[in-house]
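Below you'll find the structures, each written out as structure tokens.
Shared between the two complexes below is chain A, which pairs with chain B and chain C, respectively.
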Partner chain A sequence: MFLRRTIPIFIVGFFGAFTLFGWFIENESIKAFINDDATQWYDIIASFAIFLGALNLLKLQSLKVLKRQSGWQYSLIAILSFLYVFVIGFFMRGAFFVEISSIPSNPDPMINLVNETTALELNSSYFVDVNNENPFRIEVPFYTDSSADDFVAQLASLGVNSAVVPTPWGAHIQTSGGLFKWMFDNIFTPLSATMFALLAFFVASASYRAFKARNFEATLLLLAGIIIMIGRVPVGSLISSWFVMYLTVLGVGVVLSGLVRDRRIIFGWVLFGLLFVTILGMQMGWPIDKPTMFFLPALQEWIYMVPNVAGARAIMIGIGLGIIITSLRYIFGLEKSYIGDQ
Partner chain B sequence: MEKLENIILKLGSIDRRIIFLIIGLAVLIPLLRPVDLPIRPGPSSQQVYDAIDSIPDNSKVLISFDYGPSTRPEIHPMTLGVMRQLLDQNRGHKIYVTCLWPDGLYMAKDALKTINKEYTLEKYEDYVLLGFRPGYEAVIKGLENNLRAVYTVDADLTSIDDIPMMEGINSLEDFDFIFSGSAGYPGSLEWVLYGPTTVPLSSGTTSIQVNEVLPYVQSGQLKGILAGMPGAAEYEALVGKKGIATSGMAAQSYGHIVIILFIILGNLAYFIKERRERKY
Partner chain C sequence: MNKQTLQNQLVLIGIVLLTLLISRFEFFNSERSFMFAILLLIIYILFQEVSNVKKNPDSIFLRTIPGLKAVEEAVGRSTEMGRPILYVPGIMDMNEVETVAGVIILGHVANMTAQYETSLDVPVSRSIVMQAAREACKESYLRQGRPELFNDDMVHYVTDEQFAYAAGVNGIMQRSKPAACMYMGKFYAESLLFAETGNGIGAIQIAGTASQAQIPFFVTACDYTLMGEEYFAASAYLSEKPELIGGVKAQDTFKIFLIFLIGLGFLARMLFDLDILSFNLVELIG
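Right after this comes the complex of A and B.
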């Protein structure tokens, strides 16, 4: 009990308090701990968390496959993809270069072989100064050590001295033409882009079904959404502010019709509004972006910068207060979910 | 009138696969047949441009690639635009590239490849790719305290001590400007919260992320923001080099118009249905 509960709670409380109050103590050692050591501790712990995460992923997905739960095929793909990346990243390297250090008197068969194997278009000028000190690197890597060795053997049969140069560990994941980079460019990138691109379709379908002017708040959200959507894109700057003013007059007329029974008042408002906008427009010469408050790009900028930022600030302050409270709960040992308590 | 209402009602319960098809066409057609639409730089984009424009000659600029391939169409034109602005002026600026995202490394390599085709640059004299380090905001914190402890080698495993342009760079305080191309966590917010307060900082983010970053723009902690693909297109217009963001704006414009039309249609159908239900 003491080892499993009291000590972990004490460690968390002590280091939480130490890191927090350390900011208010003018001491070099404490500052060094907060700025350097604590950060590095975080890195080390986070690195171990990756192992835990990977093992957890394998465990959950494997169980799903073994129990043939719904969608187990996707879990199988997840496991295979994990193993594929793991093997290339940690064991295979997937990027082996061949360096030519001497060439025969007639280099043409060698050049043909290199060009056929690598799809490069080299000629004899590339090999003019080739020697042991200045080897020529064929800039297309082989995926495996054995395929690179085979190629070196083929070159040797043509009287060429060459050697396999593996890409250093670490650099292998970013080597152009390597197996890891191939996987990134041809599998990961299109899949990621596809997932993100699908958002457009879901947003369209969801907004079509959910954006209904059911009440005042929903109508406000709907209008703000439309103004942002159209004001953010170049088409918005093609829509005259006068068109928006006419729409506003008609919109207010629609709202009035729900509030006032006397149709003459509604008719009077619409007529007055349309006349007012028309006369004002004639006076001002119908500039597309004036009056600014009815110009959609300016209107969306205002929505972004005023009500939106106000809301965002409120949320951020709320989150900040929540973080403070949660941190204090950890420091005082009230929050114990990390040791399994509810 | 009733016939028209019936048509609207039918359209109001349209199958979502048809909506997907129409959205797909609205996005695809302008991409295949580009339409030139006017791009007006907004105040936030202009602020980023002016902030970079005002840094002194021979500045050291850190660009952080905090995004991956999924958000590449939005963020990549921004990072490219910032690099072009720095290099176009020919004022001796040096570019230092870091990545808080593992796939940011590939984005950075791709961006540097593109930039190297457009300008005559010397690796380790004009730019250096420091690469990715795991640890999220702890990396920023570490960079601020001791950059050389976080990066002992660059992305090509060259020792930092052997890179000429790293001379005198020991922490984030030694840079003159920081720009983060950010698609989420870790990104713009972490740079604001954990980065240096003395170095001007700016950011380009996805449209989704803009809301949470805007308060920091208003407070002056961020020198402007490039907001989503429109922000990227605006920046391309400011730098004077049209690219993928500008061509994507037509697709986004038509996509938004179609979505708005669907919203209007959905609302008309909703009101007709409501009225009929009230009648009976």
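Right after this comes the complex of A and C.
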């Protein structure tokens, strides 16, 4: 109990309080601990913990393949992908550069060979100052040591002195043209982008459901959405505020028709409204952006900056308070559920 | 004036005096004095409310949160349909308070799945979260006297990468067709990918997050959403422990104080702009 409960709670409390109150103290060591060291400690622990996750992933996917459970083919792809990345990350540099330190008197055959092999477009000007002190590095790496050696041998047959320079371990995963980077740029990134692109379709289907005018709130959302969408595109500024006013009068008439049975009242409202807008328009000379509150770009700006920001801030304050109180509950040991104590 | 009011006033004066005193020391960042006083005040309110609730547990009314009521309904539905429950504790690590809250709620959900003998599937995107979630589930199954129903693999690691994780979880949803999907933690763009896929398979969906930008997506696609502070109150609501319910009350008490402060700030700023007041309260607060 002491090891599983008391010590973890003490550690959380001590470091939580230290980090919290350390924010008020002017001391470089404490600042460094809070801003850098503590975060790095966490990163180190998380880096070691990744092995637990990787082993768990391999175990589950292997079992699925061995038991031929439904979708085992995907598990096989997952295992092979894992092994591929593991091997090219830990055991293969996948990036070997060739450096040319001297060139023959006629460099053209060498330049042709380099251009054919690497798809570069080099010419003799690149090799003007090449010597042992200042070798020329061909910026397209070879995936394997042996292919780089073969290329060096071909260059040697043309009288070129060159050597293979492997990329240092660690840097090899970020070397442009290297095997790992190739995998990342050409397999991983497009797959991620595909998943991200799916969002467009999901946003469309979710919006369709959200914008159905089922009740008052949904109708309000629909109207606000339409105003913001039209107000934010160039065509929005071409729509006269008088047109919007006429629409508003008719819209209020539609709403009234559901509430009032006497049609004369509705007719009276619509007639009065249309006349009022027309007379006002004639008096003001029909300016496209006046009255401002009916001009869509101005109206959308107001919706976006006033009710929207007010709602967002209210949620934000609630979230902030929730985080503060929850954190204090952890720090002072009031909440112990995170170590399984319910 | 009763004893409680006197005590509150004395503590308030004490906090102000302590802040003024400590601000004189060189090691203290005096620009943050106001924040320091506010922090002390929150801590006092928290302990005060916890003590009040402990003395009289019935004194607090905790309003029904539909999203949390629905958790039990979702577990029941899964049991009836004989399908699993999918629980996603977000995509961030345990250094995020939202993830910790998600793991805590998972413990309560696991209590119910242990009671109802429903299978639970928890794909995670961080190894540390995997360990913490396993511990939480294990404790719940032990507490319910059903350790034989728990197995380590009900909490399993998928990947750290955001969209790879989204693809993995969506695949799980499409294959195992869970009757209920719960998303409790910190989410980014993958929130809608999860929620729409869950909607597509007809699962009852409950989401809880403090990620403000993702709340609209969850509200649109899920049946119930715990928004912001509701999400942090979930643990108190589900556990019904006085010290946690006291925290919720403290949160509300401080909210009233904040509303008062916002009103005061608005008024003071207005008077300052009209040259009626000579000092700007907003600047004083920092």
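Please note the rule applied: the second predicted complex is superposed on the first by the 237 of 342 C-alpha atoms of A that agree within 3 Å, B and C clash if a C-alpha of one lies under 4 Å from a C-alpha of the other, contacts with A are read in each partner's own complex, and residues count from 1 in each chain.
We adopt the following convention: a residue touches a chain if its C-beta (ideal position, glycine included) is under 8 Å from a C-beta of that chain, and two chains touch if they have at least 3 such contacts.
Since this is a predicted model, take the numbers as computed values, not measurements.
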Just chain B (first), just chain C (second), both, or neither: which does A:P141 touch? neither
Partner chain in contact with A:W23 - chain B first, chain C second, else both or neither: second
Could you say whether A:G94 touches chain B, chain C, both of them, or neither, answering first, second, both or neither? neither
I'd like to know which partner A:A46 touches here: chain B for first, chain C for second, both or neither. both
Answer with first, second, both or neither: which of chain B and chain C does A:G71 touch in the superposed model? second
Check whether A:M195 is in contact with chain B, with chain C, with both or with neither, and answer first, second, both or neither. both
According to the stated criteria, A:Q174 is in contact with first (chain B), second (chain C), both, or neither; which is it? first
Just chain B (first), just chain C (second), both, or neither: which does A:P107 touch? neither
Where on chain A do chain B and chain C both make contact? 42, 46, 50, 188, 192, 195-196, 203, 205, 207, 209, 312, 315-316
Parts of chain B lying in touch with chain A, wherever the complex brings them together: 16, 19-20, 23-24, 27, 37-40, 42-43, 68-73, 103, 105-106, 109, 134-136, 138, 141-142, 144-146, 149, 155-157, 207, 210-212, 214-215, 218, 227-228, 230, 233, 249-250, 252-260, 262-263, 265-267, 270-271
Chain C contact footprint on chain A (complex, rising order): 20, 23-27, 42, 45-46, 49-54, 56-57, 59-60, 70-71, 74, 188, 191-192, 195-196, 198-199, 202-203, 205-207, 209-210, 312, 315-319, 321-330, 332, 334-335, 337-342
Could you please specify the touching residues of chain A with respect to chain B in the complex? 35-36, 39-40, 42-43, 46-47, 50, 168, 170-171, 174, 181, 184-185, 188-189, 192-193, 195-196, 200-201, 203-205, 207-209, 211-214, 222, 225-226, 229-230, 232-235, 237-238, 297, 301, 304-305, 308-309, 312-313, 315-316
Quick one: in the complex, what on chain C touches chain A? 26-29, 32, 35-36, 39, 42-43, 46-47, 50, 93, 95, 97, 100-101, 103-104, 107-108, 111, 124, 126-128, 130-132, 135-136, 138-140, 143, 153, 156-164, 166-167, 171, 175, 189-190, 192-193, 195-196, 210, 212, 215, 217, 220-221, 227-229, 231-233, 235, 239, 243-244, 246-248, 250-251, 254-255, 258
